[in-house]
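In what follows, chain A forms one complex with chain B and a second complex with chain C.
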Partner chain A sequence: MSYLRMLAAGIAAAGLAFAGTADAQTPKRGGTLTYAISAETPHYDCHASDTFATLHFASPFYSTLMQFDLSKYPGVKGDLAESWTVAPDLMTYTFKLRSNVAFHDGTPLTSADVKATYERLRAPPTGIVSTRQATFGDIDTIETPDATTITFKMKAPNPAMMEHFASPWNCVYSAAKLAADPNFPRNNIMGSGPFRFGEHVKGSHVTGTRNERYFEPGKPYLDGFRGVFMSQPAAMLNALQGGQVMAEFRGISPAERDRLVQGMGDRVRIEESGWTLNLLVVFNVEKKPFDDVRVRQALNMAIDRRAGAQGLARQATLRDVGGLVRPGSPFAIKDADLAKVPGYGTNIAAARAEARRLLQAAGASNLKFVLHNRATPQPYTPAGIYLVDQWRQIGVEVEHRQSETSPYLAAMSSGNFDVAVDFSNLFMDEPSLGLAKYVSFDRAPENRSRSIDRELDRLYDLQSRERDTTKRYDIIRQFEARMFEQVYQAPLLWWHRIIPTNKAVMGWEMSPSHNLGQNLAGVWLNQ
Partner chain B sequence: MLGYLANRTLLMIPTLVGVAILIFFMLRVVPGDIVEVKLRGDGGSVTQETIEKERARLGLDQPMIVQFGQWMTGLATLNLGNSMWTDRPVVEEISLRLELTLQVALMATVIAILIAIPLGTLSALFKDTWIDYTIRIVTIAGLAVPSFWLGMIIILGLLYLFNWLPPITYTPFYVDPVANISQLIWPALAVGYRYSAVVARMVRSSIVEVMKEDYIRTARAKGVYEKLVVSRHAMRNAMLPAITVIGLEFAFLIGGLVVTEQVFNLNGLGRLFVQAISRNDFTLIQSIVMLIAVVFIVTNLVVDLLYAWLDPRIRYGSK
Partner chain C sequence: MATVSQPTVTYNIRKRRSALVEFCIAQPLGAISGVAILVMLFAGMFAELVAPFDPLTIDFGAMLAAPSATHPMGTDAFGRDIFSRVIYGARTALTIGFFSSLFGCTLGAVVGVSSAYFGGRIDMAVQRFIDVMLAFPIIVLALVVVAMLGRNLVGGVDVNLIVAIAIPIVPKVARVVRSAALSIREMPYIDAARAAGFSHTRIIFRHMVPNVSAPFLIMFTAFIAQAILLEASLSFLGLGVTEPTPAWGLMLSGNASDFYREAPWMILFPGLAISVAVFAFNLFGDSLRDWLDPKFKV
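Let's look at the complex of A and B:
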């Protein structure tokens, strides 16, 4: 059984299969979908972004080479690609593109555009940011034998490459536009997606209108859409309840769900799923005393995650206690094994006694530090408050400092923090994607702890090349055990996704990632 | 009067230059780097070379005095430059929000005046009666209740009582007056209530003081009707301090409505200001501060001119 099939089976077994949202009805054409976007994208460039705010804004305007098939998650299907072949040694991927695709300016989309896109992703020119540079580092060469054929040759096999080709972040840009200005996509929208760009009123909304030349026959169904930026949850809930917006696709908290159900009754559809997102506690190992493993271990084991999961699940989008891989997915640690790890089990009194002893041994009994956190209500604020309380119980004094998203991320990227609440935002349950955050900082800049650990690197490489799922599972356990021992970063809790949509919204598919399925091509309104 | 106006207008220049110097150098002293925030704020890996390139593009690699010179030249030629974050002209970024913010501020001011002057006057004329007590309770509540909280109550009231909410995106008045008013009347009411409470308290105390003046007693002794005593003699004088408060409150509303804007999901200047500060967008912050300074100065000038109109004893520019 391939590990992808195993993933699918595992997810289904965990009860996380997502029922299709639309009833079996014939889609109706017309109407404008208005939905809330709880953050405004800082720019339009998918390649440079790691926030859902960019995808919920830009996905309807762009196509990707492949895409996830949400009805068969984590299966993939073609978007621009009509067919494809993968060499048995996983060293060559050849895609045949659809021949009827045009950009919104009328120019045809060819293999040259796909090539320019992936060249920009894997080796961006100076001054251009690609947050997926490491992901596509395995690509050796890209060839375009003709206008509708593109071949990727690899430096090394990567079993998850097809899923990476389906990443929603790989918006295909026009080669001509990139040649004229490599930074063109940062401030301009010109794609080949189901909707043409209408307007972006900064601070207010984005609109799109149906692309009549979209390559999928009959789609999109909507005449257009309007994404309204609503950063305040209360305003967003009011708008949902009042019918001014018909959906919010990132996720709401259980308390917010209950309010909507109470207020809207059968006018609202609620869908729930595990979420490929977790919060982490990250220690900056370049700062004292967090360079001392005993301090990191003490702070990690003082957190009562079991009690936290119960309490926070009532008010925040956090729910599951887990290790480095999402609980319920096939490569996740078994709960019985996880419970043996201090801080992840039930005997918190013993863990805290040990934490105090470790702090004393490290000469950090009167430890004080600043917890750097994101100023986003869900779930960062409750998580931060919870951590401050947990550490107070072992005599550690913590100042909780929250910053807006961009300064928060900038401080973490430049190492300007002591301890931080970080997040792992994945678009699929693929360990190579999720574990990349934990390998050495000189290989993975997204490792905010700035740790260098060659043993973790070795284990990471080993698991990423291993095609036998049982062996891979064991290697991942070794990787996880090493991380639990060194605690450069430690998972806090995994998120739980709750999506409210007005019952009139049809054809949108739920998934465990808020980054997927946002091009709105299949969405229609039943009204 | 024209001489006075010209004099005051000229005096605005050193004041604005002072504000420009202060804001420019204070921003450079405060820790934070827009280029770091802009390029590393996505969480990706960015080389130092890329950072330096962007810094040079934005002109941040030049000596501070050169940057200051460019900023002052821009101000003098009314070229405020581009936002360092969005690369769009600052004028465009601000004007998009200023229209909405100005309208809310004007509507709130009208609402406040319509409520405050009758209430403040009644309260003063019926001092220490049940009318006075009732009005004082209403005004003290206005001071105690935050505008954003009242805004939330208004929104929930509309939702639960009428199953209706105002539009969530802004439509200019000249495009659709009904949509425009139905969106902005609610925040204007929420803000206007607090605003009216401040003004009403001032009107009340001014009228109470004025009614004790000799000229009021003289007017009454001459047999002038009480209505005329109040409207012609008392009100004109009592309005002077109230106008000062109205002016200051109006100026505060330009840029000071951050939380109320969030409650009503308004794309106003306050939110833009906070966003610009969190991103260290120097050009945008500087321009908004200058705009607020201009609003304060112009409002003060208007208040001074109104003084002269209300009190014939005040004659600006005459010797």
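Let's look at the complex of A and C:
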């Protein structure tokens, strides 16, 4: 295996070097990129989704106000915005929009469309879900002095606001379409992105063709793309090896990487990175006995994350033990401090003894429940297997039930589960973004535990407005300590991203988030 | 006192051998497969006593260990003992195989006998419906049913999976049983039962169904093999049993495809278990048919 790893590393390094050379080449126009998408989106609405399946499907059809500059990650750059100014007190953001942008139906895109989009994101009408409601809660008013100018006035300063504006989830929708039907984007695609919608055959594929009126001159380079839904990793790996698909942009496991490198040799490019994504164990606090903090604490501390990280890292996309903020990022908890938290340290025997005591005290010694999990093999299945084993060791009987992405998310949203494997899918290392998932359910629908905790809300608001990094670090630790104590949701392990692409795929940029860089505008084929 | 001697009478009567011994002598391959089935049954029923390890316990320290005295069939990517998982997998396979085949064959027999008994338009309609059902490959039909029904665990067994596997069996059994029942329908005792005023239900269940027991038994045995194979296929495709339940088909899927070069035992032993089970049930079914059917005796 060491030979395989060395080979993989060598090819990855060679791939990166080659990519650097190729990027300097003149991009070629033409060709159709075929790539695998390992889950099918439950709907088309970016605002209501937090699964990559929606972005890998819909990103090429949409524009956003700002976007991340992946060559300078985590820097941001304009997408629809041509220029912008930020008031020194961070209370006003003014954007000047490009004037040559049109939706795919030919209607011009103006500041009114951007305003309608952000109004829907921060205060969705009744019956519409925006999982970014908490993120944009600081926006007070949105003004549109003219067709190409939009101004955001804030209730309070938010140091991460520019990054929030660059979120790939903020697909800009047509104000006219939203006025006619606020739910229009859920079942229809009509954007201003580099590709026009072709077709979506459920269970099979999605296609897009070049938007000849795209606002960036010369782009996109591709004639079109075809995203093929492949939930089984074995099928996806075979398709990559056989050339039926040229990339998979979410991530594969180390074992799958080794298999590809062995099978494809220098035809594959492997790129690796940390991943702004973690798996969570979520307890539905509206269901008994998970409304009892002792039961939640017991189940949390029975999980040996240190051993799990070592064992699972070889076969799954999971790798790092961490808290609520990604390990290694500026606001992450120090490992020595994390090791003191039961379930996150090394003394698992003591933690499990305490877990049994807590269950007994809560009258839940013979606890049985269903673990609701997603039927996406990586890394949900290995994580589910591991959790079942860990809880059996404190005498808890668990039925592992996996569902496809749509029913899985539907159950999560409706609260139709006891305990679930959830994910925190971030697009950057910004605590306000990551911690939004843990604030009260009435403020953040993406909080699947349905918990209401005003202390967490208070600390969240406090940290999001704090501009002194040391003070902010301390507030985040308080927030984290409160979450470790109440355990509405508990981080399991953080992910590690490995991306395989055919060497012919050029112009795609690697990042720590699988949500970024998926509009494919700069991608071209060297063949 | 006079002694009267009793005359000694010698009866030249050949001792009757038991049916079991007769079967073993007439069908040695069937007997061997029967033993294999009994071994699997025993292993499945008493898995807790036979298996050396808990099939669900993860031990990353023993991850991908090669077959040894401790782990006779090696371990998988979670360090779980494959021998123990194969033994517990027998319980999953036989439970689902047995009940699917029993349910499918019983329903098929009732449909087949009823169709033959009523004849006419009813027979015509039922047979055309069976034609439609038979047009679907068994795996496709099972896939559709399992996707429609979802999961429904009762006592750790997925009842919907059993139903999904049983439904494709029904038309096959119904067709065969109908042909046997057509000749029974013409027998005088059926006419006599009708003349005596017995109800249709009584004639079908008391007088016809017992007389198709031979083909029923043969098909029941053979379809256990098909059901085991189908359960393994569905589990392999992610639509059958879910992890971490030990099931042979499931053991072939998941990360087995990532590690089979490094740890071939991960796929070798579950694959072998499926092959042996299917082969044994098929062979036993064939032997049973040869033994029970007078045509084959000739």
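Throughout what follows, the second predicted complex is superposed on the first by the 500 of 527 C-alpha atoms of A that agree within 3 Å, B and C clash if a C-alpha of one lies under 4 Å from a C-alpha of the other, contacts with A are read in each partner's own complex, and residues count from 1 in each chain.
Going forward, a contact is a pair of C-beta atoms (placed from the backbone, for glycine too) under 8 Å apart; a residue touches a chain by one contact, two chains touch by 3 or more.
The structure presented is a predicted model; accordingly, all values stated were derived computationally and were not measured.
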Superposed partners chain B and chain C on chain A - clash or fit: clash
Which of chain B and chain C A:234 touches, first, second, both or neither: both
Which superposed partner A:399 touches (first chain B, second chain C, both, neither): second
First, second, both or neither for A:386, with chain B first and chain C second: second
Contacts of A:50 with chain B and chain C, given as first, second, both or neither: first
Partner chain in contact with A:507 - chain B first, chain C second, else both or neither: neither
Partner chain in contact with A:517 - chain B first, chain C second, else both or neither: neither
A:412 touches, of chain B and chain C: first, second, both or neither? first
Partner with the higher number of touched chain A residues, chain C or chain B: B
Where chain C runs into chain B (options 5-13, 77-85, 113-121 or 131-139): 131-139
Intersection of chain A interface sets (partners chain B, chain C): 231-232, 234
In the complex, chain C residues that touch chain A: 56-58, 60, 63, 77-79, 151, 153, 238, 242-244, 253-255, 257-259, 261-262
Residues of chain A touching chain C in the complex: 1, 231-234, 237, 253, 255-256, 258-259, 262, 307, 310-311, 314-315, 375, 377, 381-382, 384-386, 388-389, 392, 399-402
Contact footprint of chain B on chain A as seen in their complex: 42, 48-51, 126-131, 133-134, 187, 201-205, 226, 228, 230-232, 234-235, 238-239, 241-242, 244-245, 263, 403-410, 412-414, 445-446
Residue ranges of chain B in contact with chain A within the complex: 32-33, 36-47, 49-50, 53-54, 85-88, 93, 96-97, 152, 155-156, 159, 163-165, 167-170, 262-265, 267, 271-272, 275, 278-280
